[in-house]
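Naming follows writing order (A, B, C and D), and every chain is counted from residue 1.
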């Protein structure tokens, strides 16, 4: 079996974002999603620091350091974009106005709990930023993460061992091995990479999986 | 003794508004205050419906019905004025950003309780508008009202019998007979109209009064 | 493509049902979306709960719905008409034919903001010790007494704007702004009636008051029924 | 006459004392009033409580105060520096030389708004069931669990604007707006550093973001010390 590259993970997630969606993309892997939106779809990107309808990074030399995204990288504004203060920006996030938030993750539980802000290690500076707010208000929360941690430990677990970001919020998980929906009664595998068995995927997962009735091959 | 006219009551209150003050004027008698601001003072008027730095009524024929004050009367905007939504407008009122609110009143108690939104009669439609909000947040709340009601009953009372607008908020009362400060230990008469004795003023008042050490004659 | 523009008032109010809770913009005569009010009237909806600042006047505003007995309940700060020629709300209210929830204006707008911002409630000093806080939970915080107020949300918000673009971005005119930007955050369906529809990019990104993410439909004032 | 303009940075920060609580605008490098940060540094203030989104970077921002040990406590959502060259906050924090109150970003700005709007607190779903809600009061409202968050206010707010006039009206530039309009509501003394001072009437009344009533002093960026 061949796990998806990080680029292909972003490409796969991008495919599920419908035309006309208002979306917030977390820092890290979800950053790459805009590069892979299928042609013909108009997606409107929100940034927590008060921007709607962000465009790509400007050409080198044209960066404006008062025009940055949540990751503090220079971006541009598309026609029809707008600026607002952090108060309204987070009201938009909490208030159910975003169609989709795509976030990175350390762990997701079988009930959709998300841990993505701290490893709980007591040896550094804690920082949460907008992670908890983003995980709370969007109509759909998706997580984009490697299926297992660097040490091979499952990231999809019965119960998160890392500090929680939010409880019961994740709807869909895109990993380098599978696309998994979080249903009320557990985790449902919708797509799986070629030449990977459900049994093997289960071995790499810390919570029970069941195949969707129309389980498909995960291709990009 | 000659009670002040309504116009002179407004003129007297206007005299106490310092240069540079941000002020909200309630509907009714306080409306007239802007006409009597002493020359050389710049006062910035706030309107609850989202206007800062209101100017006078426009000339007839130039009314703009999307440019009205809290009393729904046409007004103008002075240079440096601005518009904002009701959310920010009431945040400004509640949040202590106004220097002074001058309100009409039905009754004021010895402890500064204000009743100015309802007579409590159960025969009409109740309406509160922004009365309670205005009575809550300004740094100073002043009341401009006749000293006694039409039937001769005192409006300054030990305890309000009309439904309360807010408790313990009034700092100064301008009536047609006197200027009275609400102090922690009771009501202090600062000014009294010519040829009215403190005894007679007390007869017209439902709570104990004491003269200020520098009690003055109320003139305009 | 994102396109919030609809060609007719019928499209603007399509799908709104009898029994709906409606946020209606406006303070006095400024900012009431009169075309949308008329469209709801033509759609013959009943049993509405209306959240709005005023109780209707001699203009073809909320009073149109009141005359046609479309409103079950009004949540409002100032239901009294100042101009005595319109007493329809008073008539209905005194006859017991309409329910009234009277809310201080600042608490009204803050409750709507609370609903639109995904919050569960807030503590305000306004109303403490008065009849309008009767029966409400109170709490002393930092030595001051506050009353707990709960969020307001609606099925639909009807608001008026000066200009709109196809993304749904809105700007307003003067004192007609009032409740609209807050109401636009707090309904499942947000419909704006705009004096003017403009091209994408015509609105200054620094001056957009309501970003399009909050708006579902925009109709030009004076569009066909 | 109302005139919020001051000629020098020394005047802009006059009267601010050691021990003060300071709201400092900015998100990342955008919107930090660097001139005011330097002026506070020159004033040699100590024992500050700073409420701000980020913990300082390689720019002459909060990190200047941290290097000079001016900050007793930081209330902040993202104290970690992304760029590893600045670790002054980490150094102080790990050595136990600075106190940290970590607050989710949306809760941070909402707490500031709450303080500025004269409210006593609010219930938010953010943080429920997480370490950051540990020990906080919770309440179930409409079947959902919320955590009670309390207002934040400060002695002084230091913010950056694009332009200001003598009344103190402010407009901002792009993503440098972020926390500033909310911080401008929540301090006893609000000081803005503006790229440009303009004549009264030059700012479009529809586009003013922070009305002058909220602002006490404005200083032009690059003004004399």
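Basically, a residue touches a chain if its C-beta (ideal position, glycine included) is under 8 Å from a C-beta of that chain, and two chains touch if they have at least 3 such contacts.
None of the values given here were measured: they were computed from a predicted structure.
In terms of the distance between Cα centroids, subunit A is separated most widely from B. By number of C-beta pairs in contact, A-D leads over the other of A-D and A-C.
The distance from the centre of subunit B to the centre of subunit C, with each centre set as the mean of the Cα atoms, comes to 29 Å.
As a whole-number value, the distance joining the C-alpha centres of subunit C and subunit D reads 33 Å.
Inter-chain spacing, taken between the CA centroids of subunit A and subunit C, is 35 Å. Shared interface positions of subunit C, defined as residues touching 2 or more other chains, are 110, 113, 117-119, 124-125, 172-174, 205-206, 209. Of all residues in subunit B, those touching 2 or more other chains are 77, 83-84, 90, 93-94, 136-137, listed in ascending order. Per the contact rule defined earlier, chains pair up in contact as A-C, A-D, B-C, B-D, C-D.
Subunit A makes touch with subunit C in their complex at residues 19-20, 22, 42, 44, 46, 52-53, 77, 79-84, 88, 90-98, 136-137. By the touch rule above, subunit C contacts subunit A in their complex via residues 1-2, 113, 115-119, 165-167, 169, 185-186, 200-201, 203, 205-206, 208, 211-214. For subunit A in complex with subunit D, the residues that touch the partner chain are 47-51, 64-69, 71-72, 77, 83-87, 90, 93-94, 118, 124-133, 136-137, 163-167.
Within the complex, the subunit D residues that touch subunit A are 27-31, 53, 55, 77-80, 82, 89-90, 93-94, 100, 102-107, 109-110, 113, 124-132, 172-182, 209. Interface residues of subunit C facing subunit D in the complex, by the touch rule stated above, are 110, 114, 117-125, 139, 141-142, 144, 146, 150, 171-174, 204-207, 209.
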